[in-house]
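Structure first, then comments.
We just call them A, B, C and D in the order they show up, numbering each chain from 1.
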């Protein structure tokens, strides 16, 4: 629709008067065409957040570098920048459930999620035929109690060699160690099959069934070293009743898991998420 | 619409073949006109649940008594029966928040919830003017750490003297003791301002804000001696974002609390709820 | 979970006292084990609806035939019967959009929708690679203004030769003639990309955008000779705002189309839908 | 929370580079503290929209007047300005249904909707007792075919004498003439009891029931001379099934009508709505 490459900047830092004016004024003065300029203030914390998307008049790399001088050096705002033409590499991790995996791949193929998938990693062989059907490299890294450290080393090596920018846990059923999460160098998005913080941990559909809740949910969040405690990106729920068995909950839950994870991945790739403390700001 | 008084029977017990046939056959043979006959089976637990609503051909009390012979004695089903023309007496308890209170009263006045409200009990004076505006008796029973036992004794006496059939905690901010709940002799419906089991206990909106969830909820449940652990009757959620302050969460939550509590009270009064173990079957 | 083949009967006809008792009594007397017995009465129209699901003690075909004697001959109820072990054959029709198609196929492969897909028919070549990826026969029947009658004759022949039990229009962008719909001999489920009756006809997302609505929807319905006027099976909506472009509406709408069509097809195959006049009763 | 009076400006006009920078820069230079600065661009139409909320350093009236010089004269943006301390006067019009009326009044009394209600106007006596209960002036202006012009003249006179800033049609069941709507001089918000554009006109719940839809809705919109065609402000839906009678639809619909109208009125009063062409931009 809009011509030309776009720069997306995500900024946050201590709130002060004049930030909006300074940043938009600079882009305007450089001849840039601002397409979106959304900001948010957390008054309680005194934090300023902004997402800027613009078409620069000059060389993209140069403009990005100059902008960073302003935002980081002058205004002391933590700055993340993306180029609209650069497709991130997403490493998808799966176990035995296919629904989130096939959903992500089909959206990626349809152009709805703009990324490359250099590799699918699993701790099981089960989804190899589906990965092959989609023409995607499939690598099995088995995990047992004893082999966990070795498996995570291999995973880290895969992340490096594939130059992954993001790891997506598409119902990957192993728990990654805090060390791996902290040291792998890329963000990790996980889908948890409950409405967190309700039913954290294992077997949430069974727990929801036992408790007799009237709604079930799914939560996409960044993985942090505290299990199921990372910043929440997206949540959705659907209605259930006494007529629903655990199997019905699982079936209804798959819908939620698919679309909730897809939203989170797409927002991340489009530079719409600013995580801070244990929360997220979503610029939609 | 339908002429004549209706009998509503709520039944549950060990599932066996032939229950539906026996019960509906008996009503049919007695000349009754069945308006609704909903059943549910919990296969895992082997429990049968049914709600029957019919217009009897004969004397209502006599038919109820004869039906009970079949359902309780012959079929060993726990049986609760209501007459459509008998309005239950609902004791409403409040503290300082008015939204659930005024909502219930307006629905009751509009005929949407068919009950009488013999008395409003509060631990504060704040809502007396509103109760008076609605022409409702308002009784203050103050509660302090030392006076709790005495206050609950007075409350129990009020329940008895008003012949209450149901207590509704419409944002009543005191915790009733397990003893009172077990001994007061009537069911108690509470509205909790979160999507249970998430954010049980005090200040759920603050906790939801701190956790950065993307949906908030409200839960109507029967009060049991385990706080916030009783059978869930109704739950609703609404979307929130980083733009919402705690105050926004409270405002959005009031909507949920009002309609969720109103649904629960209406269903209870219409004999649509069967609680068993820690769950409910809702016949809608 | 339950052992043995199940019979599903869908019944409707003039309401009279004793129907529930007679039908459940007959199954009970024959030694059948009723798993589900849901009924509905349209009081305004005086119509009785029932869905029965049971495990017969005797030979399945024999029991079905005997049941039909009761339900049709004695009680004059229109009767449709299914066997849980017989997988229906579903002819899927597509044009250029893939999302509903791939969604249906993945659910079918995962066992969520229990049917066979003997053939995919399209008026375009576009989705052949996807059909081949899924290992499904793909047949192109081009349609032009002049060739429409011939194309529909070929389609009818395909329905016959593939012994299809159901046609699913998974964003098939041609209008089938009233003659074809009436004479093809199998039900047809269509997905319309709006919240009918709003925005019937072509380009509903554009119309929704122009009108500035705050919610968009999708509607699955049986195709009848009156375009977009057939009995509605399922509807879902999602929130949109001024920030959403027509492209955003289309993206959000794809989610709705997928899940709404999938629900409708699954319910149809599980014998949960009773269509009468221009409405449906859904036994969930 | 924030100290001091706030100015709210709603702006729209032809989009050009530099608008955001110019406006926020001006406020910053004047020592104002911007609390919210939301903007939107309709690229298709080339229109820029902005909502600014700030605490001025200087005299409020002076700052407003100076700001208008910039926004209107220099930048050619249509400008509406509000002061946070000035409570608008809302004329509420009703007929016989009370639910939207009591809901608005209770929210107003609770401080959720910050306005005054100088008068309630009705074409019937029915809601007089409720208005009196709430201590609100209640004026009956009867309307018949012959008296319509006279009645609208009296209504216009009431609007003037009460200095109303907004008319809210809270289930007022008469159609206002295009002449009145164009000449009354204040915006009019109406609640329509369907998901527009579906079921425009009279008896939408009956129409929804006849059509067999699976969701019903409510729509709050500005009244314009074309009936039910004005800019949509808010829409909500709720699920219905074959089990719901027309009366159930009405009951469920009342929930939607209440909350949908309340949102619209609150947003209008807080200066969150920009209507243009036949649409609205909602700054939430």
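Here, a contact is a pair of C-beta atoms (placed from the backbone, for glycine too) under 8 Å apart; a residue touches a chain by one contact, two chains touch by 3 or more.
Predicted model only: the values in this text are computed from it and were never measured.
Under the contact definition stated at the top, the chains bordering both subunit C and subunit D are A, B. The chain with its Cα centre farthest from the Cα centre of subunit A is B. Contact count check for B-D and B-C (C-beta pairs in contact): higher for B-C. Averaged Cα coordinates give subunit B a centre that lies 38 Å from the centre of subunit C.
Touching two or more other chains at once are residues 43, 243 of subunit A.
By the touch criterion stated above, subunit C contacts subunit D in their complex at residues 40, 42-44, 195-199, 210-215, 217, 231-237, 241-243, 245, 278-282. Remark: subunit C residues 1-2, 17-18, 20-21, 24-25, 28, 33-39, 41, 43, 239 touch subunit B in the complex. By the touch criterion given at the top, residues 98-99, 102, 106, 110, 112, 133-134, 243, 251, 255, 259, 284 of subunit B touch subunit D in their complex.
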